[in-house]
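Below, chain A partners chain B and then partners chain C, in two separate complexes.
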Partner chain A sequence: MASRVQIPTNNSALIAMIADEDTVVGFLLAGVGNVDIRRKTNYLIVDSKTTVKQIEDAFKEFTTREDIAIVLISQYVANMIRFLVDSYNKPVPAILEIPSKDHPYDPAHDSVLSRVKYLFSSESVASGRR
Partner chain B sequence: MSGQSQRLNVVPTVTMLGVVKARLVGATRGHALLKKKSDALTVQFRQILKKIVSTKESMGDIMKTSSFALTEAKYVAGDNIKHVVLENVREASLRVRSRQENVAGVKLPKFDYTADADAAKSDLTGLARGGQQVQQCRAAYVKAIEVLVELASLQTSFLTLDEAIKTTNRRVNALENVLKKIQGYKKREIEKKMQMQLQIQSSSTKVPSNKEASFNSSQNLLAVADKDEDIIF
Partner chain C sequence: MEEERQYSESGEESQIQELDEEDQKLQHQCQLPGAEEKLVLQFMDSMHSYLSLFDELSSALRQGWFDLASARHSMGASRVNSSLLDLKFHPAATTLKITNSDGTQPSIILRKWVSSEHERTQLEDENVQPQDSSSVKSSAEVTMAKNFSGLADNDEIQKERSKSLSVFGVLISPKLRASQLSFERALETLIEIANMRSSLLYSFHQLQKVEDSKEL
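Coming up: the complex of A and B.
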């Protein structure tokens, strides 16, 4: 099968982040952050001055980098580049939308959860508990 | 038409009948096996769906507690703790290991996180004040990462399985609706032709001049079968 996506089995992959400052600081404290020799970081802090272009570039970079297995993205940031997040359909790296402190989490916007809900429609698990 | 050149040449003989019968048996067995695979994948898929929904909900709670822990740490250790943290990023002590799991011939990715213990110890954030709060905050975020990594592996499994189920079902349907019908049709057709030939041969023993006609008629039958739109093999 030539079309099947190869899943890399490496021992140390990174977790990338695109989120607001507080969330990034918290995860950096846990030890997720990484700065390489060229001063490239595996996270992007989104504040009021960050442009959509910057977020797009960071998203594209993180999803194409070999050493990143998971990309955490705040949901309100994901909403800014919704078209990119929705069109992304590779299994690795996995895109995870996380809630941020000052934006409540809305399960209806999550690209994966909406697909899950669509498949679960008869039981309506996610929508029933909102 | 590319299908024209790939057409199987069907001659009404006993050997050909045997070949077609064997093909039909093969198609039936392949269909049964693929159906089993599809069922196994679907069972796995449903389990993953359930887990995803419950993990997504627990993620909300855990993110809430961890951001509250960060607020506590900020309150005790001062707001400038974030600058200390942002400046002290060197190398990731918390990394993700990926491995593969095999479910009915489909390789699913699984993520585990590994924490480098001694790297965390050497961190002096919050040494002046609020050290305990900072440690609690760190523990809360490590717990959050744990849940997020689990969710990520569930999510990738979900996407991979979804794709695999689609391909398997397509193959099952192809075998069920196209191949088996065509093979069965061919088998019946050959049997019919052989019967016809037998009749012709038995009658030709009485009238020898009929032999030419019988050859022509069998050729004609083949030509009629060739025109059928459904035959692609």
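Coming up: the complex of A and C.
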């Protein structure tokens, strides 16, 4: 049985981004960019030179920071660290997988939908009939 | 020390008691006729809304990328790229407020274009005035259901928007402004998605608990 997790309230939380250049630039135009005193940003621009380790480290950092409420991650980037994304189950920050220019949104790979899809599988229906 | 231990133990006990009471409440509710169907409908509605919102998001993002590409074409690739991004210390102009009003799932509210000066003034006002329901309603924060920006003054919003655009120079393409508006729309949809996600997961967990209680 799932135990209730304490959800911290926050009046001024940030949106973190792990996505391609155009997506990050676009959302920065919308005013979500934050640079702290240590010059740490709330985004990681993923390009052909970005390694999986860098993406993993950014994901771990953003999901452990207390000032971040939502982590936006392009779905194709999330697929590179799928095991990490699927094993994450805290309510805050919320992980939202978004489409990118070259990779449209695929509900089959969405971590939230894959968690709930067992309700629609034939196995669960069959077990109910036994 | 012993007193503190006693207090923490009693705190944990009351939390466990709360959980047990919640489960008992859920079991009792599910015994009512039509309760399980209601949970299933709630879950299906959340799922449907979640997927529809993703369509809206894809549409807003596509428009944003297209406008950004048009701006890059007219202004030049060297004037619209990530190397121009401001890496000096600056707070985000658009932030989020997380509340936990019903105690079961988080609720996220978007606060668009809230300048640091306005926020400081707002916090000073909140400290001076007693907190009651009318002051909460009159504050600059409005829920996403109404889809308003988090700042009362339109001039302030335009000022913050221009500040954000100024990273790419003074003379900018109208397509860059259009791209900014598209991404703002995408952001609003994302907040709705985030709230729908928590509603979806909550209904799913409720259904799981009902299934588990049936198996026992």
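Here, the second predicted complex is superposed on the first by the 112 of 130 C-alpha atoms of A that agree within 3 Å, B and C clash if a C-alpha of one lies under 4 Å from a C-alpha of the other, contacts with A are read in each partner's own complex, and residues count from 1 in each chain.
Everything that follows uses one rule, which is that contacts are C-beta pairs under 8 Å (C-beta built on N, C-alpha and C of every residue); 3 or more make two chains touch, one makes a residue touch a chain.
None of these values were measured; they are calculated from a predicted model.
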{"item": "Room on chain A for both chain B and chain C (clash or fit)", "value": "clash"}
{"item": "Which of chain B and chain C A:I70 touches, first, second, both or neither", "value": "both"}
{"item": "Partner chain(s) touched by A:A30 [first = chain B, second = chain C, both, neither]", "value": "both"}
{"item": "Touching partner for A:R39 - first (chain B), second (chain C), both, neither", "value": "second"}
{"item": "Contacts of A:V52 with chain B and chain C, given as first, second, both or neither", "value": "neither"}
{"item": "Those residues of chain A which chain B touches in one complex and chain C touches in the other", "value": "7-15, 21-23, 25-35, 41-42, 69-70, 72, 91-92, 94, 96, 98-99, 101, 105, 107, 112-113, 115-116, 119"}
{"item": "Residues of chain A defined as touching chain C within the complex", "value": "1-4, 7-15, 21-37, 39, 41-42, 45, 69-70, 72, 91-92, 94, 96, 98-99, 101, 104-105, 107, 112-113, 115-116, 119"}
{"item": "Complex contact set, residues of chain B against chain A", "value": "49-50, 52-53, 56-57, 59-60, 63-64, 66-67, 69-70, 81-82, 85-86, 89-100, 107, 109, 111, 114-116, 119-120, 125, 134, 137-138, 140-142, 144-145, 148-149, 151-153, 155-156, 158-160, 162"}
{"item": "Interface residues, chain A side, partner chain B - complex", "value": "5, 7-15, 21-23, 25-35, 41-42, 69-70, 72, 89, 91-92, 94-96, 98-99, 101, 105, 107, 110, 112-113, 115-116, 119-120, 125-126, 129"}
{"item": "Of all residues in chain C, those that touch chain A in their complex", "value": "18-19, 22-23, 43, 47, 50-51, 54, 57-58, 61, 64-65, 68-69, 80-82, 85-100, 104-106, 108, 111-113, 119, 160-161, 164-165, 167, 176, 179-180, 182-184, 186-187, 190-191, 193-194, 197-198, 200-201, 204-205, 207-209, 212"}
